[in-house]
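To start, I am sharing the structure in question, which I have written as structure tokens.
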Amino acid sequence: MSDRLRSALRWESGLALLVLIIGVVGVTVSAQFLTSNNLFNVGLSYGEIAIMTLPMTLIIISGEIDLSVASILGMCSALLGVLWAKHWPMLGIFALIAVVGLAAGAVNGLLVTRLGLPSLAVTIGTLALYRGIATILLGPNTVANFPATYTNLGVNAVPFTGNAMTYSVALFIVLAVIFGVVLHATPFGRSLYAMGASAEAARFAGIRVKRNKTILFMVSGLVCALAGVLWTFRLDTAVQNNGVGLELDVVAIVLLAGVSIFGGKGSIIGVVLAVLAFAGLQSALLLTNFNQEAAGIVTGALLLLSVFGRNAAALSGRFRKWMPARPGREPGHPAADPSPIPPTASTPP
Amino acid sequence: MSTTLVSRSERPPAAAGPSARRLTERAFRIRESGIIVVLAVFVAVTASVQPRFLNITNIQFILINTTVFALLALGETMVVISRNYDLSVGSVLGLSAYLSANLFGQHHGIPIVAVFLAGLGIGLACGLLNGIMVSAGRVPSLVVTLATLYIFRGVDILIVGGKEVVASSLPSAFLDIPKATVFGIPDLAIAIAVVIGIGAYYLRSFRSGRELYAIGSNPDAARLAGIPTGRRVFMAFMVSGAIAGVAGVLWAAQYGTVDSTAGTGYELQVISAVVVGGVAIFGGSGSAVGAALGALLLNTISSALYVLGISPFWDQAIWGFLLIVAISVDRFISVRLTAALRVRGARHE
Amino acid sequence: MKLRQTAWLTGSLVMVSVLLAACSSSSSSSSSATTSTSTSASSSASSSTGALKTGLKVFIIPKNLGNNYFTTADSANSGGAIAALDTLGETGTETSGTAATPASQIPAIQAAISKGANVLIVSATDPTALCPTLNAAMKRGITVITYDSDAPTCRDMFINQASTAQIGTSEVDVLASELHDTGDIAIVSAAASATNQNAWIGYMKQELTKYPNMKLVATVYGNDDPTTATQVTQGLLEQYPNLKGIISPTTVGIAAAAAVLDTSKYRGKVALTGLGTPDSLKKYVSDGTIKEFLLWNPANLGYLAAYAAVEFASGHINGTQGQTFSAGKLGTFTIGADKTVLLGPPFTFNSSNINQFNF
């Protein structure tokens, strides 16, 4: 545990430094960067994505992945539009959307735990299925003109924050605290790390792996339903392609946070920092004359930084061992293999 | 992606003698025949509702549409077998498609073979980058290739900008490649089938090919057994990249118009095809022929949806549903198969 | 030490300037199209008084970057919006995301506002999703003009490439004349929720009532993705053996459908028309797969939008129906209903004129 804590703290401190650097660079290249107006805009654009990273973190730590998040967002957005157009009461709509989100997550969870299907493949299927349901619900139509009480969350800031914080960011902060407590301070959260490290060992230790994973997927569905509602009100639009393509960004941010794709490692603090880094960098680039055609390259570079940076310590340690001053080989190396430390792609870092 | 009971039991028995080898061969045959049966049933059901589904022109359409995906599935299979992922195939395809097809416009009279070689080279270069980072860097391939997905696509957009390669700049002989048929079967489909066959033979009969399975089953054991895992994984990514590069040139021949969006989203489709085709997502088992059949099945489903004329708003949902069904059926076959193999394995001891 | 610092600084400056250069020009060749402009030949009589404002910061925000159609419409080389802005003495910048979605476009709009935009010229990725952002812009006194694709409830003016009704009716008329007013036809559209296409299809269906022997058997959606467009076209050809014609009112769709027809036994048996760019369809016109198709000049559309925006921002027009203004080389234009300006009727491309164009 202390080992994991140590390595986590190392990466989180690196991330914090990165956020700081991005902040400094941002302020340098544009006087607009830290204005309340810009912070508000960034919060608007990234609020829902940030919220979706929280359950994704828990799912990846437990050794799975959920690529259907953006489609659940879209499906719930479509549902909101369709029901609103049918003059359902808003509270009733919220209740139904929550149920649908939970159900969508449950389907994912059951396919993964009961049928034993790989979550990567299954959620590619549900990505299409849920987006397809959104298309069936709305067809070619768009629903707009939602009540101002709700669409105002895309216009007004949270009071007492100097017009800088959006409601979605406020929700993100609240949820981050909740997820953080659950992950780091409850037995359930600890069980996720165990499941990610080795599902078998976890099962033998008495952890109810299948139940916990299903719960995670259901929570993800619920949170994505919330994100769908926020998205719809912010844009005052329910259309079939709301949120298309967001899943890659969500996964990229979670990976940037130092959450290991193999499971068993990661922290909520890292995720919050990664959201700040990601959103901050995109905003800084937009405020300069950076050619947006290259924006994807920056995201990719950040991702590479996140994996190579984490391994830099390990790599440098190995380099040191191979300095000419140490001619002997380590025990256990097959003598026939002349190459440096046998690199393997799949050993967890 | 932690090791679970599931993945371990999906490993074929160790190649420890002629009886075991026959077992492995039988295992592959059964998996592939399973997919063929599903394909046949699906085609039969569709044809009974809409006989024109089996028109020679429609079969030609399906075969040609499948060629690009079958090729990509071959490359992806090699990577996935070794317990890695290559998510950058769509971006590599797009980059190669534009850069190579553009050669026709820049250098009039350039031989078509040269353009194919150029595509191969571009793909090889991208695969090289992936391979180096994954094998030498000891970093998870899912993250690396997600990053290169962004980076290669970003480079593509930067280079291409708003330009496009148009059909009028391509020689007729090039655009006619998908047209040529022998006895009604497109030449291209035959060529791709031969390539898949070569790939399958390599994986099954060459030591370096079989070593990919070993690496995917248990990387540490493979390394300790003296397999140069780094080199093998590096080679797998190079081949995957090279294949994606060639697929890009074929893409240009099929569609005639190439811009910066070519190949977007293909990675998820290729992963789906590979999983449906029986390649274990955790590595260690699967066949190239199975993956190609998976690609064929998925393209057949697409075509059926459009030929049956089901309301277009339902297409995506049905597609997602059928994908989940296909993955489940394949899992069902694999579980039964593993059980049967274990019984047989016990009997042979 | 100082030398190294200077070298490092120079190196980074070079890198930064390369990046900046990367974002400035595009390489679309200039267009020599002579698509019709509207109204009178008398050039100077504009109803506005006084000089136009100069030094305005204008941001052009197409649906996405890396899109051939918008590159032609926006850049200076092709005589598009930025060319007009340069003539007028304004600063024109093209910016957007790369995904053609509101999520990708909105941050670019917000950044433009933060950077002090006076004018926004936007091709809307969605008719309503941009409204919160565009309304906020207009509240700050920024002129918001939409072009190519409208957001009807949240802009000052809309520059339409051609009358929506005319686009729809012309495409049906072109197909009808090729089919001698008889036969089953189908439509290969873009995304199911694409506003422009849906509006045009509405008018197509209306126009079809004039041809009782022509029947629309299906409308399918290619999602502006070549693979999907190809598959839906193939599905149409197999499902409807009596299909005689296809209309595809989207450049990706018509190019994909043309490729399908071109390489199959259906070439010549199924007529194809729709909206497409001349460059991408030259081959298919020359070998007879397409006889005629329609479009407009995107560069002229951008050019007109730029002029209209500057006129609006200078206070010479305010969108009222009947006002006129001058749009440089394109002549004088009159504002129509709903604060909309029409570029002109759609232009018909065929084998006799297609080689004159380079976009």
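All chains are identified by letter, namely A, B and C, in their written order; residue positions are counted from 1 within each chain.
The criterion applied here is as follows: a residue touches a chain if its C-beta (ideal position, glycine included) is under 8 Å from a C-beta of that chain, and two chains touch if they have at least 3 such contacts.
A quick note: this is a predicted structure, and the numbers were derived from the prediction, not measured.
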From chain B, the most remote chain by mean C-alpha position: C
Pair of chains ranked first by number of touching C-beta pairs: A-B
Chain centre separation in whole Å, for chain B relative to chain A (CA means): 28
Geometric centre distance via CA averages, chain C-chain B, whole Å: 37
Touching two or more other chains - residues of chain B: 157-158, 161, 313
Per-residue multi-chain contacts in chain A, two or more chains: 135, 139-140, 291, 293-296
Residue numbers of chain C (touch at least two other chains): 22, 65-66, 98, 192
Residues of chain B defined as touching chain A within the complex: 1-6, 82-84, 133-144, 146-151, 153-155, 157-158, 161, 215-216, 219-220, 222-224, 226, 228-231, 233, 268, 271-272, 275, 281-283, 313-321, 323-324, 327-328, 331, 335
Of all residues in chain B, those that touch chain C in their complex: 50, 52-53, 55, 57-58, 60-61, 65, 157-158, 160-164, 166-168, 170, 175-176, 178-179, 254-257, 259-262, 264-265, 302-303, 305-309, 312-313
Contact footprint of chain B on chain C as seen in their complex: 22, 26-28, 65-68, 70-72, 75, 98, 192, 218-221, 225-227, 230-232, 234-239, 241, 252, 255-256, 258-260, 262-266, 279-280, 282-284, 286
Partner chain A, residues of chain C touching it in the complex: 19-20, 22-23, 65-66, 93, 95-99, 101-103, 106-108, 110-111, 114-115, 126-132, 136, 191-195, 198
Partner chain C, residues of chain A touching it in the complex: 30, 32, 35, 37-38, 41, 44-45, 135, 138-142, 144, 151, 154-155, 234-237, 239-241, 243-246, 282-283, 286-287, 289-296
